[in-house]
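In what comes next, subunit A is part of two complexes: it sits with subunit B in the first one and with subunit C in the second one.
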Partner chain A sequence: MTVSAWLPARVVSVTPTTPHARVLMLDVPGWPGNLPGQHLDVRLTAEDGYQAERSYSLASSGGGARVELAVDEIPDGEVSPYLVREVRAGDELEVKGPLGAYFVWRADDPSPVQLIAGGSGVVPLVAIARARIAASASVSPMRLLYSVRSAGDALYAEEISAFEDRGVTTTWVYTRTAPDGWNGRTGRVGADLLADAVWPPTMDPLIFVCGPTGFVEAVADALVASGHDAGRVRTERFGGS
Partner chain B sequence: MAIISRGFGSRRREADPRLPPGQYLTEDFPVLSAGPTPKVSTDEWRFSLRTEKDMVTQWTWEEFLALGVESIETDIHCVTRWSKLGTNWRGVSLDAVFAGIDTDEDYAMIHSYGGYTTNVPMADLLGGKAWIAFEFDGSPLTPEHGGPARLLVPHLYFWKSAKWVRGIVMHKRDEPGFWEQNGYNMHGDPWSEERYW
Partner chain C sequence: MSAQHPAGPVDPVTPLDGNVLAGRLGALFAVEVTTLVVVCGACGASGALAEAVVELDDEAAIVRCRACTHTLFTVLGDDEAPVLRPASLASIAAPAPKP
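Up next is the complex of A and B:
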């Protein structure tokens, strides 16, 4: 898939998903389509010509002109506050993509797949889980481990909870505040949790890890230490260190 | 005709002539890697250079540093759109690495621990343009930033500055490395925005 030129995009809908994140549906005529796990560039232009560009993961995949993003606000950011607080249906921006051909899932790969998300890193993994659920011919067993600060910080919480009935089970981990009555996992994702909630090395799973740098570093190190082949662990990191 | 994003631009960053088009300034040092971070000690580290005549030259850590260490102050630009200005490094110039090497090839494939590769023309490696760096901001380079040693070729997008370097193989033709096979430009000049395919 070749990367598109800058394409005009119209905001179709905006849906708050947490107090600091929104799902944006865009209509992008001419969008070349994308694989689950890819991202795109967004360009905003002010009245006086000033521009800013940033990359965002796609929650959608496949062909068609409809593209879905989920954006988490970076409080001192420049673009994400606009996308989370300001933009509304009917507004216009530009996009370019799809980008990245490595952090992607292909429906013809029969490997067991383990998805591991920290915070808003779940977005490209939602795209992968949706694609797996839609791919009725796929034999790939898939599961998700999702680490969030609290239940209120989870993106796509309702949809992810419904993945279970459609073949993608989820292990939730709350790092700060667990919901009332929770008797599942809390605290940092460590080796013991990974041993419980991740396909074992003997199954040779393809593992996708996405989240803040510290989270991804810790998880990827622990996976390799517990016997997973480093070449089977694909990572996407965001934020400074 | 330009697409205007209604209401955008109320909080904007200062323009800086040192920023290539489409880049923004960061004070952080973000980490981007395709997989887990390899952990390599300087004791086990080796750097090898293979030419078209299948001549392999190999250095240990101490031998490599003995080639001569330089201090570098430079701006760096990541294809994911952050730039960092005035970063400080120490490393060995590629001019020193190639000083005793007999090769006529025009292209280099950089190889890393962990299997990462990236292709760089010799014209972008020689002439005081590139280093094998082992120190950042006065401290040894940490593993997540490519330690013990990474390529530093700061006039190209930063994915060309391969982390965890372990060697160079000379090539007659420009062949794509890892990211170059996965959607990114063969050359990567930030000033002409050579970002993607």
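Up next is the complex of A and C:
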């Protein structure tokens, strides 16, 4: 389920979620549907013909022409400032996708699933958690570990909190500023936290780690050092520190 | 005096041509590329292409081995006409079928 042609897309809605991130709903006629965890490429064309492309994870999955992105602004970026600050409903851009078949969850896999997100790396993991909740026949136990700088930086905070009642529990970690009254975790994700908040190696979980490159490297290394099979740790890095 | 066995080659290899590979290699090139298993010829490490280190610039994507940092291959050209130029890449294999 991958395609290689650029498809015209129209922005249906834009919803601010944090001071530096927005959720974009796109209408993409001809979109073939996508698996949870896949991404697409977005191409912008300036009036002078200059083009810029970037990859963005999809928060949505399944069929239909509607696709959902959540974009976090990279201040000196070429594409994300436009998508976070400028683009509005009715604007047109181009997309290519769905892309990637590695960082995807399949509802017929009964393995326990551990989702681990750093910052806006939560987007494809939201797609996976939504798909798990929608897949009533799935027996896969799923949980999320979400590391963010502060509560105000969390994407999909309300929805993720509501996942709990639908079987996907979340461990929150605040790396800079914890909310008032917080008695949970603060600071960087390390081996002791992973031991508490991740399904143990004895359960042979399938683990999806997504976030900035440094976060993903540190977490993946710690998981393997604690006994997880490297072949069961799927990673997706989006650069940065 | 001929070095050949009097009865000729027992199991001669019949030269064919590349057309015969259509079926044999079809499965490799039909696979979504990030799931392909690549082996580094410099250090022997193997893993899904999705796990390789990739450095992007305006000219190319440089694909490096995550274990030893040797360049596995570079991808030149644009999306419409990509060119893969091998470097330390030892092999590319389709992923193991799901059990």
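Assume the second predicted complex is superposed on the first by the 238 of 241 C-alpha atoms of A that agree within 3 Å, B and C clash if a C-alpha of one lies under 4 Å from a C-alpha of the other, contacts with A are read in each partner's own complex, and residues count from 1 in each chain.
Heads up, the rule we're going with is that contacts are C-beta pairs under 8 Å (C-beta built on N, C-alpha and C of every residue); 3 or more make two chains touch, one makes a residue touch a chain.
Model, not experiment: these values are computed from the prediction.
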{"item": "Fit-or-clash call for subunit B and subunit C when the two complexes are aligned on subunit A", "value": "clash"}
{"item": "First, second, both or neither for A:235, with subunit B first and subunit C second", "value": "both"}
{"item": "Partner chain in contact with A:139 - subunit B first, subunit C second, else both or neither", "value": "neither"}
{"item": "Touched partner set for A:195, first subunit B, second subunit C, both or neither", "value": "neither"}
{"item": "Partner touching more residues of subunit A, whether subunit B or subunit C", "value": "B"}
{"item": "Which superposed partner A:100 touches (first subunit B, second subunit C, both, neither)", "value": "both"}
{"item": "Touching partner for A:203 - first (subunit B), second (subunit C), both, neither", "value": "neither"}
{"item": "Segment of subunit B intruding into subunit C (one of 3-11, 57-65 or 147-155)", "value": "147-155"}
{"item": "Footprint overlap on subunit A, where subunit B in one structure and subunit C in the other make contact", "value": "2, 100-103, 230, 234-235"}
{"item": "Residue ranges of subunit A in contact with subunit C within the complex", "value": "2, 4, 96, 100-103, 230, 234-236"}
{"item": "Sites on subunit B touched by subunit A in the complex", "value": "2-9, 11-13, 22, 24, 26-38, 80-81, 114-115, 144-145, 178-179, 181-183, 196-197"}
{"item": "Subunit A contact footprint on subunit C (complex, rising order)", "value": "32, 34-35, 47-51, 79"}
{"item": "Contacting residues of subunit A [partner subunit B, same complex]", "value": "2-3, 8, 41, 44-55, 78, 81-82, 86-87, 91-94, 99-103, 213, 217, 220-221, 223-224, 230-231, 233-235, 237-241"}
